[in-house]
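Both of the next two complexes hold subunit A, though its partner changes from subunit B to subunit C.
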Partner chain A sequence: MAQVSLDRVNKSFGAVPVLKDVNITAADGEFLVLVGPSGCGKSTTLRIVAGLETATEGQVFIGGKDVTDLGPGERNCAMVFQNYALYPHMTVAENIGFGMRLRRRSKADIAVASAPVAELLGLGALMDRYPRELSGGQRQRVAIGRALVRNPDVFLFDEPLSNLDAKLRGDMRTEIKALQRRVGKTTLYVTHDQVEAMTMADRIVVMDRGMVVQVGSPLEIYHQPVNQFVAGFFGSPGMNFIRGRSGDGHFVTAGRQGGRVRAPAASGRPAQSGGSLWGSPPHSRLADDGLAMTVRVVEPLGIHTILVCNCEGHEFKLVLPGDAMAAQGSPVRVRFDPQRAHIFPA
Partner chain B sequence: MTVTDTTSGAAPRRRTLGRVWPAGAPPPLLLLAPLILAMAAIVGYPFIQTVILSFTDARLLTGFNASRWVGLENFAYALTDPEFRAAVGRTSYFAFVSVGIEVVLGVAVALLLNQDLKGRMLFRALLIVPWAVPTIVNALMWRLIYQPDFGALNAALTQLGVLSEYRSWLGDDAVAMNAIIFADVWKNYSLVAMIVLAALQNVRPELYEAARIEGANAWQCFRHVTLPVIMLPLTIAVILRLIEALKVFDIVYVMTRGGPANATKTISFFVYQESFAFNRVGSGASYALLVVLMAMVLVLVYVRMLSKAEANQ
Partner chain C sequence: MSRRTKRRTWASILLYGAAAAYVLFTLLPVAWMVMVSLSPAGDLTVRPLRFIPSQIEFTNYVKLFRFDANSAGHAFLMALRNSTVVAVTATAVALGVAVPAAWAIVRSRGRFNALLMTVLATYMMPAVALLLPLYFVLSSLGLLNHLLGLILVYCAVLVPFVTWFATSAIAAVPDEIENAARMDGASFRDMLRFVTLPLAKGSLATTALFAILQAWDEFFYALLFTSNASAKTLPVTIADFAGGRATDFGLIAASGLLTALPPVAIAVLLQRSLVKGLTAGGVKG
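Up next is the complex of A and B:
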């Protein structure tokens, strides 16, 4: 049973504040992903949970126990690093057994505990290799094995897949998520990759400039972003953005043509006189009426085609079915689902 | 020379020089010829001369032509000579104590300078200074510091109240060797520190973090993370220092001339005396060759270490 929570945590490096009033709670067994651009404080938050950094203010609880003043070795957390952090002079087996060796467990004990972990991660044949003899994916598997074997209360992942190539990253994503389900341990996972966040998380914590901006399930975050930052961060391609003003059920763009569209009904926000409209690319389509734009680039991806258009100086992307055709430079009109569009104050 | 290929992810594969040597380039031996010739002239020729001398009873003043072939007589005498044995004992003491202290001090200073402390770059630059001082200058400097009547050490210790009266540091046969060792350590620990510091830069900080999360304390971090990384460079530094300590001559020559009462008479000084004070160059050569043999053992270990280091790259 290990709920992890940060209570009003502030952190400054010298005079530079990097975390401002961070409150996060991960339920027992939850897979919580901290996501945001680099420098948003997500890694610092994780390191504070691990005990590698101390909070300037605030408290950290693990399993209901205040661990704020405990050292990293006393928190029973296991951490997986971006650069794997494998001990180069130890074999795979020694790397995995290192924590137990520190606690003076017998060689037989270590072997017994390591075997199922090696089996689970497919490391059986690699146990006598050194890290330099392994591929990136294998190294990361060893790092995960080293975390698993300790049977920790909490798993901490700090951008574990960033050093892997795209294909491997996709595979490891699935693997880590399945593994977490299997062991059922509370997991905090830091990434700057919105795809990782969306696909792996039970809940996502979006951070920006040292603050928690939004917490919610992947679909909540995707469909109900609380501000432009969150809306722009998620989805690929990201949300489109057009300036304008709204009133009497419509949104009028700011450009000279003054395009007029039906204002979102369910944006959950009162229409403002000035603001910006956000339309999600997959929920926009070509139509006979709607906003006028010019096609700049056509990106066929097979399963679908992305149109990159110019709408009054803004870039506007549409995701169309794979067989959709549009000529570069041709004028089009775009309509989008009011349910999937949002108006934010300017 | 080997080049290691680690791209495959399998065990590193060694390539021989032949594979990387460009086609049509002059043969390696030809390119090395100038160096080999120079070495032959300044090292090879005197060495052969020494070997020949060691089998004769040549004396410095009467010259080589008046000497007689005596076979292994010089060596037979050298190996049973209690004075030579005593010199070997003194040299071993000098070598092990000075290198031992240099290792401990060097590692400690390297660890300190690897910390995130203020003025680190300045301290790192200062670290090189003692090592850059020529041995003769260092020896003269310490002779002045130890000088019994106006030396800085006596002044400092009496003014601090540690000593009640001035002492003759280099004139006391119980102290002189340790005084020389101290002077040698002051100069040479910095080489060890620099080599270890360079090795420490290769340790990724996450390794310490990973170890701390696994519950390692400061000693365990040092033992399991730092030490394995610095072990090989440190061993190489130790062997280099041992070889040099075995040959120690100039610092002894300047500071004590082997005295008082032979208390600092090391092997090299012994050989020097035998050849140039007692004029027995033939016998001196045989002693010198015995020193070379001892050094060769260390050199062999050194070469093996280096090739091991290369294989680990």
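Up next is the complex of A and C:
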């Protein structure tokens, strides 16, 4: 059992606070993704769990044990770094076996323990190579192997895919998730990429400016964002928003062009006066009534067509069926699924 | 011949001319020393000067390796021992102090930079400024004319310089690699031993070479802090050869060449270990 929890963790670098009252709990075996823009404190949070940074205040528990004052080698966590952080002067086999070598295991032992990991990650043929002789994807695989072979209680990933090209990133995403399912270890995964967060996580922790903003399953976060920041961060294309105000069941845009539309029912926090309307691109559609906009660009992708419209200076995207037609520059009217739109106070 | 090839010919003439001048300028004195050390004593006093010896003799070298009491050989061999002990010990101690210090300076992200600069400033001071204080300190410790005293002085000179060099060697090792080692369960000592130092090896070897050279060639302090064969180093001893009533140029040339040999040998050996691009591939470049 290795539940990981951070209890009221604060961290400042000098006078600069980087984490404010962070409370996070990852259940045993859970794949928890910390996501947020750069500088939101997600990596620092991970490094505090790893023991590479110490919390200014608060405690860290792994498997119910207080590890706040333990060093990084004593927590039985394994970490995969963004830049791979392989030992360049050691072969793949030596990289993977380094931890065991430090614990004075015999060479034969190390080879026996490394073999299944190498097999699992397809590194068998590369064991005698040096990191400089490997491609980016292979290096990252070695870094994962080094983490895996230690049979840790907890896996920590710090943006492991951000140095790979798009195609490889997609493959590795699947691979890491499948691997985690197979070994069943509690995993904390840091990324700034919302697609990675959505596709890999059991639960997502959204962070912004050193604080936890929302915790929930990917779909919860996507459909019920607690504020504009979360709403704007997820989805591809991302959420649309338009300024205006709401009252008596309707939302009226701030300018003259847009007009009036029925206010969304799903909005848990109706704003009496100022605010903005957020609508997800796939749940907006063309209609006879609704907000008036102008088509700026049409992006046909085959499966669907993305319509980039302009409404009172805001960019507004719609995801329509692949055969949808609209002429550039033509005026359209857009209606939202009231269950999938939100009004947030300004 | 077209104008273009003509220009190219001129360019190569200039290039090779410059290279030849450089080689002559740096190697001629050495070549001359070799000639002088191998010439019979008579050749060195004739006029006009003979560049090519009338016959090759090794008597100067033989003299330097004869360990008779009060002979030039005795002085030279004692000095060779003293120089070796002083240079190697001072360099080893300096590295032992400077490498952990450099690590701390680099990994504390600039918190100790002012300290490093202050220490470096002492290194910029002319030797003569430190002479009197050092003399009094050594004298009160009873370490004048003592190898330990000289080692202490050289450490004081070498530590700032070695620390400075070592900081850039260690800064070149990405700290993510060190973090990975810590996550793998390495103690601080293991991390330095298995990861940081092997990766900084090339630059640290160069630093060590410079440190040894500096201690090996140092003349000023050695001259003033030592007074007999028990502590005199090679540069001082060679100077003594020139100080008698009749200067034996052949002997001076031979001892000078022999003195230059160990550092040259070390440099050649280190050259092999200075493998380039050692850190390539560990992290995304």
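As a convention for this text, the second predicted complex is superposed on the first by the 342 of 346 C-alpha atoms of A that agree within 3 Å, B and C clash if a C-alpha of one lies under 4 Å from a C-alpha of the other, contacts with A are read in each partner's own complex, and residues count from 1 in each chain.
By our rule, a contact is a pair of C-beta atoms (placed from the backbone, for glycine too) under 8 Å apart; a residue touches a chain by one contact, two chains touch by 3 or more.
Bear in mind the structure is a predicted one, so any value in this text is a computation, not a measurement.
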item	value
Subunit C versus subunit B on the shared subunit A, clash or fit after superposition	clash
Touched partner set for A:S135, first subunit B, second subunit C, both or neither	first
Partner chain(s) touched by A:N163 [first = subunit B, second = subunit C, both, neither]	second
Touched partner set for A:H89, first subunit B, second subunit C, both or neither	both
Touching partner for A:A78 - first (subunit B), second (subunit C), both, neither	both
Partner chain(s) touched by A:L102 [first = subunit B, second = subunit C, both, neither]	both
Selected from 1-9, 19-27 or 271-279: the stretch of subunit B that, after superposition, runs into subunit C	271-279
Interface residues of subunit A shared between complexes with subunit B and subunit C	50-52, 71-74, 77-79, 81, 83, 85, 87-89, 98-99, 102-103, 132-134, 146, 150
Subunit C residues touching subunit A - in the complex, by the definition given at the top	174, 176-177, 179-187, 190, 194-195, 198-199, 277-284
In the complex with subunit A, residue positions of subunit B that touch it	6, 9-12, 204, 206-207, 209-217, 220, 224-225, 228-229
Interface residues, subunit A side, partner subunit C - complex	50-52, 71-74, 77-79, 81-89, 98-99, 102-103, 130-134, 136, 139, 143, 146, 150, 163
Subunit A residues touching subunit B - in the complex, by the definition given at the top	50-52, 71-75, 77-79, 81, 83, 85, 87-89, 98-99, 102-103, 129, 132-135, 138, 146, 150
